[in-house]
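Next, two complexes with subunit A in common: one pairs it with subunit B, the other with subunit C.
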Partner chain A sequence: MEFINPDVVDLSRFQFALTALYHFMFVPLTLGLTFMLAAMETVYVVTGRQIYKDMAQFWGKLFGINFAIGVATGITMEFEFGTNWSMYSHFFGDMFGTPLAIEGLMAFFMESTFVGLMFFGWDRLSRQAHLAVTYLVALGSNLSALWILIANAGMNMPEGAHFDPETMRMQFESFVDLVFNPDAQAKFVHTSVAGYVSAAMFVMGISAFYLLRGQHRQFAARSFRMAALFGIISTVAVITLGDVLGRLDYEKQPTKIAAIEGLWHTSNPPFEPWIVAALPDDAKQENHYEIGVPLVLTPLITHTFDQPITGMHELEDQAGPRIRSGIDAVAALRRYGVTHSGTDLAQFSAHEQDMGYGLLATRHAPGQDVTAIPADQVDDVVRATQPDILPNVFVTFWSFRLMVFLSLWFFALFAISAYLSLKRRLERSRLLLKLCMWSIPLPILATEFGWITAEAGRQPWTVFGWLPTFLSASSHGMSYMVFSLIGFVLLYSVFIAAELYLMFKFARLGPDHDSMEPHAPAAPMVSAFDMRPMAS
Partner chain B sequence: MTKLLRLAGLAVVLVVSLLFAVFVGDQGPWYFAWVIGTVMIILISGAGAIMLDAQSSLSPDGEI
Partner chain C sequence: MELYAILKIVWAAVLGVLFIGLGTMVGMDMGVGTLLRFVGRNDGERRTALNIIGPHWDGNQVWFILGGGAIFAAFPTLYGTSFSTFYVVMITLLFSMILRPVAFEYRSKADSRVWRASWDWVFLVSGFVPMFIYGAAFGNVLEGVGYHFGWTGQYYQDQSFLSYLLNPFAILCGLMSVGLSVYQGGAMLMLRADDPIWSRARRYAIGGGLVAAALFVIGGIWVQFLPGFVMTAPVNPAMPANPLHGQSVAMVAGGWMYNFHAHPALWLLPLVGLGCMLAGVAMLAAGRSVAGWWLGLGAWAGTITTVGCAMFPFLMPSSTAPDQSLTVWNSTASEYGLGCMLVVAGIFVPIILSYTSWCYYVMRGKVHTADVVNDTHSY
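Moving on to the complex of A and B:
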């Protein structure tokens, strides 16, 4: 076995995390804004009022800027699987490649094709046909996310595949199991609807900016109302699906849920507190300065009052026999690779479900080879491997909490905004309008924290329970990794700067600034029914 | 004839929708919830805008 350089693995992880986080700054807005455009255009088609067409076209322009730059940042990531994660691609490519290929062939092409029609088809298509195109763009962008998240769910909860000792890789066996993986379902809806929240905050914040300056008041009032209602329902949906994902992690990824909750010891139902804040210490395996709310954790995670949640110390203990069994699996697999004897295959099959834990132990084996562990040192290797089954608790714990605290803030902001908009008391609530404006980047941050929770919490695995992360990377040199990392940082920073420049520029220009109402704060309110004739 | 074709088209859409609801509702309840939920979110936000039009027509000089 080739020796693994841990620095190359760390740099590969850092590079992927960085490119994914950069890319994910653009994705949520695309997912949500397309359906907001569809909502605005639906009102335009139903009522025939020009102002809704103006809304769809103006917000569509901002969507276009985000879409163009967002696509560019996503393409590199697909290549990274091959360049930086070749062992992973070999092991799991059969499973992972299928949804990625479908995403490229179906959803991405569908989205890209109809985006062109959406932008250039206003004067060439009937109103109904253009509305259908806008819905297809929305569906295409969200279907893109669906296939990516199906692939990601396969890494978190591998279903629809089995390990083949002949090919030494996971073989794809059930498309239905892949698509209907419970983790894929919940994660897709959670992520997609988080995009709706991001888009709603974006539209609401920019509309608040116009209202504060007394510009485009009719346009801003309608955009604000639609965004506030869009956002409040979406926030409720995001929180609901977050709860579903927590329940799934409790059942399938106990190390992730224990790290999320900073739970070092098995819980004591129903009294166990939900830790609001603490400083988890990964080295000492304990929390400092805990602040908790009693009686909340058990019903929150288990949806019961009597089921315990296994703590990280107990999970380490439970992993001991699996690591020992996994060492036997890897040793039998190695022998089978040479002998192809039925006896070795039978021995491997008996321990197959623990193979990943055996691979996890290779880091502590002499020469990174578990077959070279002397019999009297197996216990030492098992003990050394046990803490490795846990993710970074500090990162997982706090990324989750920041996401949750932000989502509660969105709930409050959307609820108050929707109420004041429905009561038509927005313009006297200048503080609220300022808060809406300043909150524009927060949903993007919340989705980034969500991603960090999901992916950092999955560690130390790329394929949960089967393939450790440190065995998944390619064997690049350090210079290659550092050079490509600097390149990505520079390139993606340029993309972000371009996006921000264009967004600020066009948001400040406002909607159709030649034909909308003048920039007069005291302009008389004109009914939308009287604003313009029906569009032709 | 056009009406008949339109009716047939709508019937096909209805059957496909029902099959989709039965299959996806059973196999992938959260996918189904996403479809229904997204439609609901769009309709409610659209209704909010139309309600604002109505409010504006009743009191054209009112606050936003």
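Moving on to the complex of A and C:
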């Protein structure tokens, strides 16, 4: 058996994280802006007032600049499961591929087909038909998020699949379990409303910029109010669903919740404090400089006052017997692959539930072969593997906290903004307007931290409890990774530079530039500019 | 025949349909991208060409995404193995492809001449390279790919990526694919543009069609001498999807012709393909662009089904461990997964086809330069 190259695994993880985080800078805006555009256009169709059409068209133009890169970088994600995570694709593709393909059929096709009409169809469709098209784009992008998160929930809480020793992979067995995975439901709402928060902050911040400059005041004040109201509702929803997710992790992913809370030892209900800040030390397995609020943790996570939360040391202890049993499972599975005998199958079935923990021991087994550990070394291998069941605590702990602190900031900002906007005292509150403007990138940052919390907290697994991350990667060499990483860094840098350039350009130009031309339809004319020859 | 075996065959057919759709729809847009700098001599003309496919490219591109998604869902082991053995090629394909959405959206949003001219080059690269790789991938797969599987199901590569890049047969297939894409793009430009774009597009489309037809004939003769892959023992089509067991395969010169020898009616497929290419060229020469467009679809259908029927049941044969070759029988999803997906596809494919047609209907008619440069929503 060929050896695993840990550098290739690390670089594959790095590349996936880089490209996924990058992709997710653009997705939240798409998710939220489509619905905001639909809302603006609805008001336009109902009232017939031009300003709401201007709003839909202006914010639609900024949406388009953002959307292009979202689409482009999304293609990368689809490729990377195959190019970089071939073992994962083989092992979990039967289950994981299904929601991805449904996403294409049900959602992405709809979003992509109608987005063309949304931009190009203003003059070719009736008002009602164009409004329907805009809603279909919004529906498509949000359904797309639903299926992606159903797929993601399968990685975090694999339900609806079982391991099959004949095909050596997880076999899909229940569509209902896949779709109604509680993690998927909560994550979909949490993630899509996080997108609405991002879009609301985007619209509110740019409107604040106009109000500060005293430009496009009517337009900006209306956009601002709509965004502030949209934002406050979304922020409340994002926090509520975040709480639901925490409770789910407590039940299904105890290692993630313990790492999120920096809980090295099992909690002492109801007194256990919620740690506000600390320096978790992964090597020494303890926290430095802990600051906590007593009595908060137990009700926060368990929604009770008496249930304990298992600490990381205790989780490591509990994993010991599972690793031992898992080693037997892997050995029996390998024998079964050759003999196809009933005895080996029975032996495997007896330990099947622990197979993933056996695979986890691969790195510590002599010669990376779990199936041939000498009897006297099993204890050492198990002991060496135990700490591997934990994610990186520092990263999980802090990404979670930064996300939470940011969401509290959004709550405050939207609440005050909505109040002042309704009271029409906005333009006097210059500090608030400035804060709104500077907060534009923060919701996107918060969603990135949320993604890190969820996926770094899932480690060391790609399929929680079944397939370790280090076994999931493709078996190619370092040079491949260097090639693709250099390409991604160059390409994505160009993309972000072009995106920011156009985004600033059109945000500065403002809505007038956009709506002037349709008002005054000059005789169609091709200017000298359009006729200038291009170097061929 | 068992249900599982039938589902496997159905999904192989669905994959074929997706490949045909991809070639036609994505190929058309990429053909326009490739031709952009040649059919448009000034900025207004280039914008006209871009806005002809402007409302449709994003929807069309989903054929590509869905092709990948269908391989992932219906043939997960094939997906993981092919994408990673062809890593350098696939990443190159990806890089060239993802430039395109950005180019469409950004090109005409700034006035600088350098900015626009740079994006026009991007259209050339992101039209030519992906279609070349698309065709070349078929060529490489026909020749067999060096890989084998370990006991866990992990694949291991036995061949350098250079052999996929510098493979003359694959290059031929790649150029043929570009030829068809230029043909389809040209036909679309003729449908929606007036002179001078119309007559330039006509010239390039005829050239593309003739090149494709010639390479199709040469490739067909070449395949007679290529080592093909054949099953040397009966195989159970309903076997569990696991490439480690259950097949014995040999490489035989001219092996890809066995299915044609066994079922001479299959010869109709390459004849239809070639016939469509030549008839299409004649139609475009006569200025009948609608007929030309549909004949382009026929050309793709004839080509893809020819390759598919020659290889069946092989999907990606292994040249270093032929018994582990990925086939329709050993690399699919589970029976349950294939069944679920078929139901979903049965519901949504008709819906997709109807709203896509509606979009083309809404945007029908000629695109005029004067309208394009005066519309703030255009590319």
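FYI, the second predicted complex is superposed on the first by the 512 of 536 C-alpha atoms of A that agree within 3 Å, B and C clash if a C-alpha of one lies under 4 Å from a C-alpha of the other, contacts with A are read in each partner's own complex, and residues count from 1 in each chain.
Just so it is clear, contacts are C-beta pairs under 8 Å (C-beta built on N, C-alpha and C of every residue); 3 or more make two chains touch, one makes a residue touch a chain.
Here the structure is a predicted model, which means the values were calculated and not measured.
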Practice task
Figure out whether A:F506 sits in contact with subunit B (first) or subunit C (second), or with both, or with neither.
Solution key: second
Practice task
State whether A:F394 touches subunit B only (first), subunit C only (second), both chains, or neither.
Solution key: neither
Exercise for the section: Tell me which partner A:F411 touches in the superposition: subunit B (first), subunit C (second), both or neither. Expected result: neither
Exercise for the section: With the two complexes superposed on chain A, say which partner A:F81 touches: subunit B (first), subunit C (second), both, or neither. Expected result: second
Problem - In the superposition, subunit B vs subunit C on subunit A residues touched - result: C
Practice task
Using the touch definition from the top, say if A:L229 reaches subunit B (first), subunit C (second), both or neither.
Solution key: first
Handout entry: subunit B versus subunit C as contact partner of A:W274, first or second or both or neither
Key = neither
Fill in the blank from the handout: subunit A residues contacting subunit B in one complex and subunit C in the other 524-527, 529-530
Completion exercise
The residues of subunit B that touch subunit A in their complex are 27-31, 33-34, 37-38, 40-42, 44-53, 55-57, 60-64
Problem - Touching residues on subunit C, where the partner in the complex is subunit A - result: 37-38, 40-44, 46-47, 51, 54-59, 61-62, 64-66, 68-70, 72-74, 76-77, 79-84, 87-88, 90-91, 94-95, 97-102, 104-106, 109-111, 113, 116-117, 120, 150-157, 161, 240-242, 244, 333-334, 336-337, 340-341, 344-345, 348-349, 352, 355-356, 359, 362-363, 368-371, 373-378
Handout entry: Residue numbers on subunit A that touch subunit C, as the complex places them
Key = 1-2, 57, 64-65, 67-69, 71-73, 75-76, 78-79, 81-98, 100-106, 108-110, 112-117, 119-125, 164, 166-169, 171-173, 175, 334, 337, 471, 474-476, 480, 483-484, 487, 491, 495, 498, 501-502, 505-506, 514, 517-518, 522, 524-527, 529-536
Exercise for the section: Show which residues of subunit A lie in contact with subunit B when the two form their complex. Expected result: 35-36, 38-40, 42-43, 46-47, 49, 52, 176, 179-180, 182, 185-186, 188-189, 192-193, 196, 211, 217-218, 220-222, 225-230, 233-234, 237, 241, 244, 418, 421-422, 424-428, 524-530
